[in-house]
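In the two complexes that follow, chain A is the common piece, with chain B as its partner first and chain C second.
Coming up: the complex of A and B.
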């Protein structure tokens, strides 16, 4: 009897143990070790020559211009990608939510980029954006607009990367918003029609609040994802020209062999920034999000 | 206040006709109940009046004016939906106020109206709550308040009581009758529940398969059903119907009009049978009587004196019998065939 009771108490922990082991091994331990590493001047060849330096790495980071440049680039990139993707996905979703003959085809088509590897996408866009032979400039010239240097000028490189990321992300988020829109009961719209509400009012007062949980989710997921951008930068620009597209993760990547402690400290800062942003989002927006 | 008129109205869904060439006039200030089995087109009619699902052809007139091209919000109608269709993201106050805001009613006036209506429907203490914190009955009241506050000339209700529990439903029924009396506006009420129709309506519009079967006050539908469908739809349990001769004509009587006795009596129609089931409902008891030739009749008795398997004699007086022709329409007393049918039935009686 007693044995049974002990087992009853243990059972939940035994059941979640496999999942917890995974989380500990792949999330908690690496995070802890990252923080640990950030306090060292770490020697990759000889661990014994590693030296505890306290917060030295952090003071060094915060005193360097290239870190702020990377942080700034990442912020611009995140703001651009999040705002553009959310606006465009919302627009597409509202359009696709109407029952049309081509809508299922468009929906499938718009989702395809999400299936393709980001490396392939980056390479294809790299060709499209080639200033002399690329298709984009050809089209620009065709319609009489001035061509752009795209990735080859520090003025337009970050924008070009934003375009590629937005293009790749739109389909997925459109799908999420379409699903959210379709879960709204049509009778609510009918009630609004009887209440003499204008189209804009219906969208602003009914549709948006009804899909706010999904929009909030997308906002947070995309902000976190964008802050961690790496692959597009690595394939398309390598952080150039003139560090115009060096983002935080790419910056960290640059120190992967030369200075592990410094790279770890930057990683800790990245984590802190993302944590702070998420916290701010929740403080500012959670009240405006309507959960059923 | 307004009358409503359908002129040669048809409605198709994906080329499937639901209603064809329907004519109907709903008088100003009446409480009209559209009743029928599900899929009979009653909700479709209601939605045409509201304008949220306009007719395919024909004209809908409100107060004599063709409203075909008028948007739902500008028809002067208000609707209570089956699922209430309350805006879940808005507070009760905002829900009630939404229509007024859209109609540009000044703020002071709005506040006054909302508070008054809130008081009327008993929601005064809940105005700043979110609908998700309210019970089913309270949500129903929000929906009602939202409709009332606009002071519409026509009230449309689409099975508004079907999501409430039985007790609350009976209470709301009485409140709706009182509300209609107080407002005096035209009420159009859709239900599949004949009890709701009987208890609330001034006029019942009984529909089946997109066709109006009968349009009359409740007592007329009950006493003089126009056809077999009307006879069997109204009344619990429904009217007993049995064949009468070979020409597919039938006769019927209501369960509450049959008399059960242990000894044979002298009724126009009588039959000997056995009690198959007994449902004791308190004020009355419903028996199912199976006769020797395999027919079964439901009988509603005020007293509970028989038991299952008991042999009984069932009798119906002549003036409580209904006759229906081969086409299903009722044969009225003044019809030449009526006496003939009465005679035929006497010949059939046995026991």
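Coming up: the complex of A and C.
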């Protein structure tokens, strides 16, 4: 009997042990090592030449203009992508909510970019946005608008990257929102119709609160994802022109061969920023989310 | 049910449409030489086991055609050496090779011999992972003077001979002679002439430039060349700061470039894929002259349909040009140093080793013996463009040698972008760059 009780006490831990081992090995340990590296002027090739520098890397980062530039770019990028994607996919979802053959085609169409590798997408847009021979400028000229330099001017480069990311992301999030919309019980809408509620009010008072858990999920996932953006930048601009599109992760990547300690310290800061954001979201928005 | 199938079908149709669009690669050529075109040249040969055969691992960065030439070289070596088997592995571009070397050396799985882009040699040497080759040279009766002097700039570190030149190149001026002749212009030899010729080549229709004068890939190489031409040096003599801010050379170079850019005489390409952009503009006649690596001579000569010549980079106060490409190094961690040295020696000195590779690929000959060889002289008689590249080595000077160069290069790119793309104030940008450099060098 006693044996059984001991086993019952242990059982849950034994059951989660494999998962925990994985998390420890692939999450906790690397994070710990990242923090360890961030305190060194680390020489990858020859450990004996590494120097412990304490918090020097951090003071250096916080004293450098290009770090703030990268942080600022990342913030603008995240804000742009999150807001635009949320608005547009909500709009598309409300539109596509009604069944119909045409709607199926559109839905399939806007979902397609999500299936394609982001690297291919970036390359295709790289052509489209080419200032002299690209399709976008050709169309702009055709309708009598002034052409843009797109990726080649520091004024428009970040905007161009945002456009590509939004274009790629919309389909996936539309799909999630459509699913959410369809799970709302029609009886609620019927009740509202009986009360002669206006369309806007129905949307604002019923639809939005009912899909708020999904919207909240999208908000968190997209904020974190956007803060870690890398592939589009790497393929399309390489962080340029003049650091106009250097995001935090790309900034870290830039130091991969020359100063791994400095790169690690920036990684620690990135982790802190994302952690803080997620925390704030949960505190501020958790009350507004309506779970059924 | 029907609508579900319809959705699936439309997804498939759209998907196949997108797939048909395809995608090109982004080989960043025009850099310091040309490396990494097509992967898939993985391991050249599988090691064939056997009694008393020593295996030497060799990592290189040559893809595409040059990769094939390198594989052929390795095969020639293996056929002539029964007791040594060299296994060549293509590791991607120069930068990728460096990243992989760093990881491999740290985990004790590095190769015996590796190709190393010359600007990284100092960084590796400082970490004490490169073998001093001087004793081996002596043992084989080779003198350091046997090599082309202009290419030995990155070979020494603290009086140790840590690398030998292999696939080396320099920037050079490529000229569309047909275009110049049509306009009655001659190939420029000074900055002043360059300015006149480049401006004369410009064709403008409305607000659009149909033809530019001169262009160069986005790289630190060309500004560095011009800094030396204007009498500056990249680092100052004791490597504590840059050597082109206070003497005005940097300002002179960049205001010259901005001046040309403002009239369309200079086309400064976007950073991504700039080497290919510049090359194709030159081939299509959209630009009359380009600064580009000597490694492009072969490719350009076979594609252009006009009279194509090469010339020295124009001089300001002096003729000057940096060098590029990669060296070969032996790693201290190697367990088969004698076999590794035999491979390096054979590749550097033997006729069927390096010479054949150089003849095929178009890289610069790196030993005096090679230069004097009949085959090289014959080739030069046939293709004078290649001889110009070698002759220019007389003025080769590398002033960006420091352990911290890779890190400083990063900052220099920022300065170039600020000036060339955003027309930021030149003196203040150079001043910021100078401060960053001094901070990094002081570490």
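Keep this in mind: the second predicted complex is superposed on the first by the 290 of 292 C-alpha atoms of A that agree within 3 Å, B and C clash if a C-alpha of one lies under 4 Å from a C-alpha of the other, contacts with A are read in each partner's own complex, and residues count from 1 in each chain.
Methods note: a contact is a pair of C-beta atoms (placed from the backbone, for glycine too) under 8 Å apart; a residue touches a chain by one contact, two chains touch by 3 or more.
Remember, it's a predicted structure, so these values are computed and weren't measured experimentally.
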*Based on the superposition on chain A, does the combination of chain B and chain C result in a clash or a fit?*
fit
*asked:* A:43 in the overlay: touching chain B, chain C, both, or neither? Say first, second, both or neither.
replied: second
*After the superposition, just quote the angle formed at chain A by chain B and chain C, using C-alpha centres and rounding to the nearest 10°.*
150
*If you stack the two complexes on chain A, which partner ends up touching A:194: first (chain B), second (chain C), both, or neither?*
first
*Mind working out whether A:206 is in touch with chain B, chain C, both or neither, as first, second, both or neither?*
first
*Should A:151 be classified as contacting the first partner (chain B), the second (chain C), both, or neither?*
second
*Once the structures are superposed on A, label A:133 by its partner contacts, choosing first (chain B), second (chain C), both or neither.*
neither
*After the superposition, what is the least C-alpha distance between chain B and chain C in whole angstrom?*
16
*Within the complex, which stretch of chain C touches chain A?*
3, 6-8, 10-11, 14-15, 18, 21, 23-24, 26, 95, 98-99, 102-103, 105-106, 123-124, 126-129, 270-272, 404, 406-407, 410, 414, 417-418, 421-422, 424, 443
*Contacting residues of chain A [partner chain B, same complex]*: 185, 187-188, 190-198, 201, 205-206, 209-210, 212, 290, 292
*Mind pulling up the chain A residues that touch chain C in the complex?*
41, 43-47, 49, 66, 99, 101, 104-105, 107-109, 111-112, 115-116, 119-120, 123-124, 126, 151-154, 235-238, 240-243, 254-259
_Residue numbers on chain B that touch chain A, as the complex places them_ = 50-52, 71-74, 77-79, 81-83, 85-90, 98-99, 102-103, 132, 146, 150
